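Okay, so here's the structure we're looking at.
Note that the chains take the letters A, B, C, D, E and F in the order they are written out, and that residue 1 is the start of every chain.
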């Protein structure tokens, strides 16, 4: 019996070191990244039994990804593919005013061809929670159908469904996203959505609480979680609103912070159903993630609890 | 007025260091590689005015390629593209018996969409020599047509055409290659072909000299150059056969050795027409290439001449 | 149901790069190493279900070890300890005549306190094969008893026992080793022993075959496997002798070669019982190991089979 | 026809990484640096046709410099010298209170012997703008004469002359500098001068505007540009004063910031003559430079424009 | 005649780079560290003749330590040991809220067996100042006796004794520490103690001045120096109180800052007896230490004096 | 009382890693090198009390050199200079046929101005042996006089003088060298000379023994030592000839091998006067040097003795 199953892509993340520019780079730091596998790693490290479903090229590059996830205790249930490529992305960290530059190179990745028939759908049905994000259906038509299928199966099987909207403007337009995502939300129990995405993609307005109430009214979520970056997050569950500020953190590498939040949230919510505690746990996990290189939250439960105890919620220092 | 124009793809070459395995890699060494740009660099460093034609994504990754070629004095005449990706390849150096493992990731590279209409065909027509390889037409249907068009234009304009057959089994089958390449060879003046490719792709038999004479009989080349790996090379020109052994070299990184040979050959053949000297120059350039990391022959004329003078042709040491 | 269970220590392996001396070192390369976990990794990568039993400090250093083994698909069944340290060893690669210098720093490692009561003995009893080495009982009095206990349990449960004598002169004298090991051998089915150790520790004489027959006469092994370094290995099983030369290999890092051999041997012997094929598989796995940094044989079945097919058994090139 | 020609030295810049001290250094990061080539790179990247004139040793070290500049699209018109050395400088980044420590090692560099007779003076005369700095005449008596000669030739040919005063106390005293520089200023159209240098070297007083007006009164510049570090810059042109604050930036590596400003300024001023816009462009280029390692502003026009649009001029964060 | 003799352990300090986690580390940065050798290095670099007494394994690891100290001009008087190990510690720098994680691995280090009979006690007796810390007696029973013996010998010989209390909760409890340390303090002339340790270990209360006066009343110190982290330090000598704020510094690596303070203090106090000046010197040395990697204060007298002159005492910037 | 004093230059040795070309280099490996300091380090590590005399810039670069030598136990007696530079050299390792490329950048190094008046001539006079090489007088006219002065002083004081001819064609012509060196040889007791230099510079002919006898006849040396590269060396002392082959070694970095030989020779010859044993010791030290990066022989007496005992004199493997 698995606590959590996640489904999505994992890519090689290639980045220059020491603020070097991509166009001048001689050495690329290689890590593994993907919204759903990031969540899997955080949740597994914080105590859940986690399985990650995906499809990867049957090559050293594909194994590079599973080896990374295996090393964090995630069970990897992967369809090995001979015909498609490994998704990659390049990321350059520039500080201000250069900003962070991302170049996705994920077209025709093996995962874009993944169908329910080949994936371990039994694992989804046997899990307590199934989690995926709005990135996956944006990757291909096949994945739109597969995502819908998996959410529906999970629903039918009594598995709680969790969905992080995660709008990516480089993958599709707000209108395209809205059409697909609104359909998927019908099968979602726990929604995580950035306040900005709620406005731009789901067309909601008002403050964070208003947005949460509005979304809940439309889709009747078990938990509606609105994230607001450095201003923290807000959850609506059973009519009650819970607010959670961020914990102070040095911002060494912000990528994956949102996934760390979700991983920490689910690790606590699973079993307890305690939304307030889960948000606190998620926020603490996210703050630790910010301090380390790579998308993954390489944390222990003791470390997360220590952050909560110390309780410095004074903000992100840059 | 340009001495040499080459046309083809340049990729990012990503390789682990110190015999590390790709599936365990944390840092990838980044270099720029491509058969036709490798030739361009060698020839430019050895004194020719060289222009390289290609199409690249308008991104830091595309600029990574042109900056590398620019730094060696090659004029880069590139069509900048907003819609396609940067070709890459991963290479793992294993020694024996692991061997060298290459993973191409070049599908949908910008260059696969290059048409004569957008390329600097005037440069081809104004050049003394135009060089491309059998890799380029293997990359896409568009490139098959473009390659044929450029070779035909060069012919018409009186530009000497040079072609390295360079069969790549990961890109097409011998039968597919034969069909396309035999058509292209009708417009070729200087053919470079590995003995093995002549047998497997062009269906020739006999020893190297027999192969050269047979190919010359079919296509009437100005120079027919058959390479035989560590056993050196043989050229047929005006009915005369020239043999050239390899120069002794430490085999630090053999990738690009063949392109270094062609670059050295063309740099000398241009202007002099001296086939024997050109082969010696090519072989010396190739031996220097073997000693350095990356596909490019970072050499000077003085270094090449010193290798020839010392004249150690006792073989490749591994 | 597990195919193979191994038991022993895993250490951090700390080594300077690029032939640097330890006394001048500024950066240490960090890897994970241990005879029994090396075998576990090789066998798991080659297709067996493998569990590794051990005891480690409950710290980032202990997790460094399990994460490495997890990433290769080994199930790690570890007792986490709060009171003892992580074993480490320093290794300096010097080439000739400097040689390779090893400094063990493994005293009071957590594993030295491991008792049957805390280890997963049920896994040993449920496995097809149980493997450990002569290093483990050399580490502490507790481990002598634990090793004897596990071998006896395995025997009783019908689990095939495999034992690599692996004498380490830095841990005990030949006389001490003989006394302990001869007792353990009574419960061993498959013995692997270096010809030199058979002479110096087990006091045997004659050629490799004579040694194998002599040992078999004393202990009645299922398989008696005598390794002879670059001269290959010899196995005696059911009265038949099988000889296996080494496959040619660049000797980039020889550490762990013997363990790769055992891992490859067991992966094939399990299920098939084919000793000759298993030795060939072991030798091919070992030759690949020599080409890569670190103690672990990061190989795939396809790679091992390709080495066997090519079949170059001309020796180790240095 | 060239838009901009610059003249001066380029050195190897050797720096320890990660705040290491020079006296403990084991690895030096190697880059190429020089006030006039820094300006050339920035201007070329921002769209001008740029030629850089200099003299370098005919060695791999000299080629290290031209390859760097070539890679950014600067045309390098270099006199290759067999008798003198490559200038270098060592730079240690210490943070506060250690500061940044520079050790110049540029005596007897090849460029110190450069005479108008060997340099491409025709390129100066054919250019729209000629730029050099107060560092060049400080390097040798020969260079004092050569600088004067080139400025005079440019003037006569109708080429706009641009001069960054750039006083370096390690090269000469204020009195020596004043004597030489005041003579040169007679042939300058665009002066860039730090407020502090205007006071200490040119003996001016008052606030920045007063200094600009005073200098303009003396030399009748086309543009008088006074830089004030973190307090921005001020330009006087045709009697009008333009002020430009700095754009907010993480101060990763401040070296070359002034040259980036000049490069950005000239790239915009050329053609448009719009002083206000040019200063804004210069300031944005400079802010991007601060975020990247090395002296060079590895920027694109789109990046500069994005900085201007976002418009955060709140200062340098350290 | 030696100015200063210090006695204690030196360890290998092993740390991941670039905020990497220990459990994921592939490369460890290696440096040498130990409270008393840190003081020795700072004092030697600032002009004292310094000898460091210790015991180390006779191995490349032991020599790694002495070579580091020798390179800073410290005379190393070491007992070479064949039976015990090299102390090490792992340190992970995490920023906030991860913090800095230290794993000591110093049990059974050679120094724990050091006795007066084998150490150069004559050097202690001939020195002007003898310095050790509360870490040394915490390492073993033998070292408790040896520390007491050396302090007593120094006293008898007229050598000024200096002692930094340096309580380490990972080595002993406050109660254990108090019992041992109070006995040792009877032979101490100069005490350095953190305000917090004075409270928790020595059971004092009140403000820093009150603590200093209280301790002085109990032990009649020549100088009682209370450190208060970022709030500076306070010294009581001959009834007079001297306060010293910290100098502003980028906090690149804070480890060893306290030792740098003591080294700077002793370097100035020796000879002059000027407590106020010594505290200023110590604070400036400490501020420079913060900016550099490793425990050692790689400073020069000129650099320290420049910090004092500039006099920015506005605090630690992080 | 010192056993050995050496006098000469030490430079920063800057080299690209992993066969990279200097013209493409991004990171330079930094080490310290100089013939006489190389000898000092080898001899000090092998047991002699050694002082090195020189003059260096008073800068972090100068301290980089003394810290390296101090760390090997050499006493550094250096004149610190404010006006001249640090000598450096760049070295690129290319393998065959590229070879090893050296670029000296040592003009105007501080040492070129060293006079007897400022050097510690008392140390020379009090030493048992004084050693310098033919490189030192080649560096400047001042150094020619200083070298002659030191050799003469040593002679007068009864110090044995040792001189390694070490002809460097990049510093002077054979004729210039001969004139200076023949004068110096009048004050030399132990001469080390490469067979080739004896022919080309000292104008001798015949085989190695003939050369030794001829030189001895001219200058009446105590020991005349002729080195012959891979063919070993030959010494003539008291009319007896001793031949010494080289010990087999992997040729990782051959630079400094000759100095290691001299250091090993002097370490044994001092005290014993046993020429045969000293040559064996020198050859073993040299063979170890070949296996490690950098000019310095980082060896221990035990390692050297082990090489001698194993006694593999089969040649250099490359």
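Annotations for the structure displayed:
The criterion applied here is as follows: a contact is a pair of C-beta atoms (placed from the backbone, for glycine too) under 8 Å apart; a residue touches a chain by one contact, two chains touch by 3 or more.
A quick note: this is a predicted structure, and the numbers were derived from the prediction, not measured.
Two chain pairs, A-E and E-F, are weighed by contacting C-beta pairs, with A-E ahead.
Each chain gets a centre from the mean of its Cα atoms; for chain B and chain F, those two points are 47 Å apart.
With centres set at the average Cα position, the gap from chain C to chain D is 63 Å.
Multi-chain contact residues of chain B (touching two or more other chains): 21, 23-24, 26, 67.
Checking each pair of chains for touch leaves A-B, A-C, A-D, A-E, B-C, B-D, B-F, C-E, C-F, D-E, D-F, E-F.
The touching residues of chain D, when paired with chain A in their complex, are 17, 247-250, 252-253, 284, 287-288, 291-293, 298, 303, 306-307, 310, 312, 317.
The residues of chain B lying in touch with chain C in their complex are 18-21, 23-24, 94-98, 318.
Contact residues of chain E toward chain F in the complex are 67-68, 70-73. The residues of chain B lying in touch with chain A in their complex are 14, 21-30, 59-61, 63-64, 67, 85-86, 88, 90, 92, 101, 103, 105, 107-108.
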